[in-house]
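One structure below.
Every chain is named by a letter (A, B, C and D) in the order it is written, and numbering of its residues begins at 1.
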Amino acid sequence: MTEAEVEDKRITLAEAAKKVSDEDTLFWGGFGYQRPPIAFSHELVRQKKRNLTVYTCGSEVDLEIMAGAGVVYRYEIAFSAIEALGLSNNIRRRVSEGALQVEDYTNLAMAMRFLGGALNVPFMPLRSMMGTDMVRLSRYRGDDKLKVIDCPFTGEKLTVVPSLKPDFSIVHVQRVDKTGNAQIDGIVGEDIEGSRCGKKLIVLAEEIIDEEEVRTRPDQTKIPAMYVDHVVVLPFIAHPMMCHGYYDYDLEHLMMFHKLTQTEEGWQEYLNGYILGVEDHYGYLDLVGWPRLQQLKAKKPWGY
Amino acid sequence: MTEAEVEDKRITLAEAAKKVSDEDTLFWGGFGYQRPPIAFSHELVRQKKRNLTVYTCGSEVDLEIMAGAGVVYRYEIAFSAIEALGLSNNIRRRVSEGALQVEDYTNLAMAMRFLGGALNVPFMPLRSMMGTDMVRLSRYRGDDKLKVIDCPFTGEKLTVVPSLKPDFSIVHVQRVDKTGNAQIDGIVGEDIEGSRCGKKLIVLAEEIIDEEEVRTRPDQTKIPAMYVDHVVVLPFIAHPMMCHGYYDYDLEHLMMFHKLTQTEEGWQEYLNGYILGVEDHYGYLDLVGWPRLQQLKAKKPWGY
Amino acid sequence: MVEYSKTEFLIACASSHVRDGENVFGGTGMPLLAALLAKQTHAPRSNLISEAGFIDARPREVPLSVADTRYYYGCSASLGLIETLGFLLQGGRIDVGFLGAAQIDEYGNLNTSYIGPYDKPKVKLPGSGGGNDIASSAKRLIIMMSHDKRKFVKDLDYMTSPGHLEGPGSREKWSMVGNGPEVVITDMCQMDFEPETLKIRLKSVHPGYTVQQIVDNVMFDLLVPDEIPATAEPSQEQLDIMHKLDPKGIYLGKGA
Amino acid sequence: MVEYSKTEFLIACASSHVRDGENVFGGTGMPLLAALLAKQTHAPRSNLISEAGFIDARPREVPLSVADTRYYYGCSASLGLIETLGFLLQGGRIDVGFLGAAQIDEYGNLNTSYIGPYDKPKVKLPGSGGGNDIASSAKRLIIMMSHDKRKFVKDLDYMTSPGHLEGPGSREKWSMVGNGPEVVITDMCQMDFEPETLKIRLKSVHPGYTVQQIVDNVMFDLLVPDEIPATAEPSQEQLDIMHKLDPKGIYLGKGA
């Protein structure tokens, strides 16, 4: 028997971000405060990417960072705000300036678009959006934003939305083996469909685990390695947001971020201090401070 | 604080089968040799149900039993055989006699029909079946079997299949709490979508677990209680097939079953001996014999 | 007499609309506190769901996000968006949803997307999130708004989520799963929808406010019945439970 | 000289069509043994997938069912049909699928559904299962058949799964994800498809058979090239591995 040489897909965060080209389209994982790939947004900013299009339901701080730094020029999203704190100030400003276009969908519509992409069918039907301006108005997709059709079987009205197959899917998980088998704890949000819909998939994980451990508990694998092109392993990828079972959100940092983004000057201060002013993700974590990060670590059994 | 009284959804197998009326439509869970609700098919036979329509990808022994005993008159399925052993003899005979009609779909088409039903949209698109007799010929659904349409966005040809919302979903799982939260180990087949698409859901489980245990590990719940109407707890529900982590298939019994069904007389012998000739599921298990059942119990870490 | 803040009053009022045994989309903020309060008082068997994927959640502290891990421990299942918004909500299994908005019109249609013209928006608001999905498919919709003339408008700048659209028959036209808004709760009053026209109607006035104040702060013609009861005040028990749920005053504020 | 049974020969032959690193839908029976054999010989990085939901499976004993738990331990993920047939197969991520059939026509279209007229079938066969899905969307299709005149027919009783349909351009017309059948392996020969017409063509003859025997057992005009090599025979190593995989002879039979 020939023993297979196992492929090691691990690369650095900088190498992973380099794979992304200007003008590319990205599925962006995480949901709300949970598992957003913030570190990846930092690196896209440091590498001065331009004109990216990002598809997601509603990440929060990362969307603010990429909008503020001019990395993205188009969002197809359902939600932009920092829940409990308030409006997404950077996105609001960039939209008013005309530097950013947002094509509006609902959370279910975006999830169905990822599901359709994962299934490799060009559209999916759903029952939302009908009767509202979400059908009537489009920012740049025009007739390709969505359509309202008659069901070919029942005649009922249904919305159909175009499926998405972005250049990259960017997904943040708790654990991964070096071949890419990824485990997600807690809610999955839209990451199951999102990780399958991209042409390439970059998985960012808090922790590396051995392939043998994965194969002992295969039903814990949420993303099989065969979907995964690159793996990046780093701690606190989601800071100042949370990663279920690993660390809580950093409310103080989050409030500071939200307050600073109320003005362009404040945002530039944050951008220059926490993102451009550091070498890499460890530079950022050093700046936040390890004693503080230690405090955020999740407590059993609560997971935060 | 008012403490909620927890609803106990447990009923007997006989009570559960009584909920099903003649002419009803059923989603039938399990896949291949894995977790088919055989005990439920036995009880439907004992209660002499008639004219049921069953939707599934491809259960095996249970479909043979229900076809043979005249419980179902319509199958919408993708597959009928006993894998590794041969054709499904009872179904073959009943089809030739005209007593059973089979509307043919593919496994993906059936899975998408359950997904569509679960999502409460009347159809789903897929890329199978085009160009073949599966599109051209229909047993009884006629134009409502499927349609080939042009994608409203890309113009590509796609098959659309009508979603299913049967009267009951019948699903067999490893563990359940009395309120209905169900855990499935191993592959899920089509049971996630199937358990969500029915108007009522009956969960059959090998083992009862405490609700507190469910709430300590919520990410193990595959079917939340809010979908579940009734719970039946019994051992060896799938015998002579397998239940991952609980017991292996009984190859000897299976071969005996397949051999007997080669003739109508043989099938009647099995029917009268193992199904009609016993009082209930424990009567069946007594007949199979507990030493034999004990031998089938799964060994760690293999799960069979 | 019980002392309470405006926020506490609104939460208790919203809580009264959750019925026992119902499946409730809680979200965050005031609706979440209202749903948790209902579960700990008159609706112990209500089932709190977060659209991020948590089912029958029993958070010991108020979550800040619908995806907050505070929703996890003690919940009965932890899944994803296709499950909550697709299988459950669009599947017709959610009884009550809560929504807020920047603007509402006389049919209960909501704007959470843009202030100003769509082509050159003055303010980009959060957008739909799951709001349009909830407004389309939850059986009943409870709307919470601050009572401000600029929010109760004749014409929305952008219609994000469907209320009763153009009135009778319009939700049916789109085969909507849910029945639309049932009640609008503001800091001055509760409003419901007149069954014939499906237009907003005054339902009860909160203590300390007059009908005139309410009418003056609405830009459309508000239906005002002859008899208008006062909205019930919260009990001390309700206030105590609220503060146990939000001990840091994240939503309730520091005062009492 | 190595001694082998017909079944062993076919499995070794089928195995040679699996390339290293490929994603393979293995199913059960001979195709499964072929895929497992390939992984243990020339294709160690091939990835065996069962449509029931097992990914990168490494069964220590041959499974009897695509859903058999023997596929589980040591596999890398255990999921469901939407994942395997939808996300993976329809998503264009499966390189090789194996299918058998009761009838095949000159374009490689397959019947696994009915013998006799559809309206009054003589025999109800298993149906598509995942077969039509695999034939539609796997990049390459390997067909295994017993070589029998009644099986190589001019007109199928029922077309369950698409081969090359009516020839050039027909798969494109339906935007099919996969490229259709590549090879047909019988107990007498291997056949491929002539690139211009997409009709079945003789590719190699198994030891002990003649071209005439093959042609006599096909009901359509089989394309026969001038030069036809002999099919390679299995090695002792291949035979040993097969019997380690199926020690009870479930698929290989008891003899050797």
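Brief remarks follow.
The rule we apply is simple: contacts are C-beta pairs under 8 Å (C-beta built on N, C-alpha and C of every residue); 3 or more make two chains touch, one makes a residue touch a chain.
These numbers come from a predicted model, not from an experiment.
The chains that touch chain A as well as chain B are C, D. Between the contact lists of chain A and chain D, the overlap consists of B. Ranking every chain by how far its Cα centroid lies from the centroid of chain D, the top place goes to C.
More inter-chain C-beta contacts link the pair B-D than the other of B-C and B-D. If each chain is reduced to the centroid of its CA atoms, chain B and chain C end up 40 Å from each other. The distance from the centre of chain C to the centre of chain D, with each centre set as the mean of the Cα atoms, comes to 58 Å. In whole angstrom, the spacing between the mean C-alpha positions of chain A and chain C is 28. Within chain B, contacts with two or more other chains are made by residues 119-121, 126-127, 156, 158, 186, 216, 219, 301.
Within chain D, the positions touching two or more other chains are listed as 54, 72-73, 78-79, 82, 86, 90, 177. Viewed as a contact network, the protein chains fit none of the simple shapes, being neither a path, a ring, a star nor fully connected.
Contact between chains, as defined at the top, is found for A-B, A-C, A-D, B-C, B-D.
Of all residues in chain A, those touching chain C in their complex are 30-34, 57-58, 77-81, 83-84, 87-88, 91-92, 95-96, 102, 104-109, 111-112, 115, 126-134, 137, 156-158, 186-193, 242, 244-245, 248-249, 251, 298, 301-304.
Across the complex, chain A is touched by residues 119-127, 144, 147, 149, 151-154, 156, 158, 160, 162, 185-186, 216, 219, 301 of chain B. Across the interface of their complex, chain C is touched by residues 1-5, 7, 118-121, 179, 181, 196, 211, 214-216, 218-219, 221, 224-227 of chain B. By the touch rule above, chain D contacts chain B in their complex via residues 28-29, 50-54, 64-70, 72-73, 78-82, 85-86, 89-90, 109, 113, 118, 121-133, 136-137, 156, 158-162, 165, 170-171, 173-177, 250-251.
Remark: chain C residues 23, 39-42, 44-45, 47, 54-56, 58, 72-79, 82, 86-88, 90-93, 177, 241 touch chain B in the complex.
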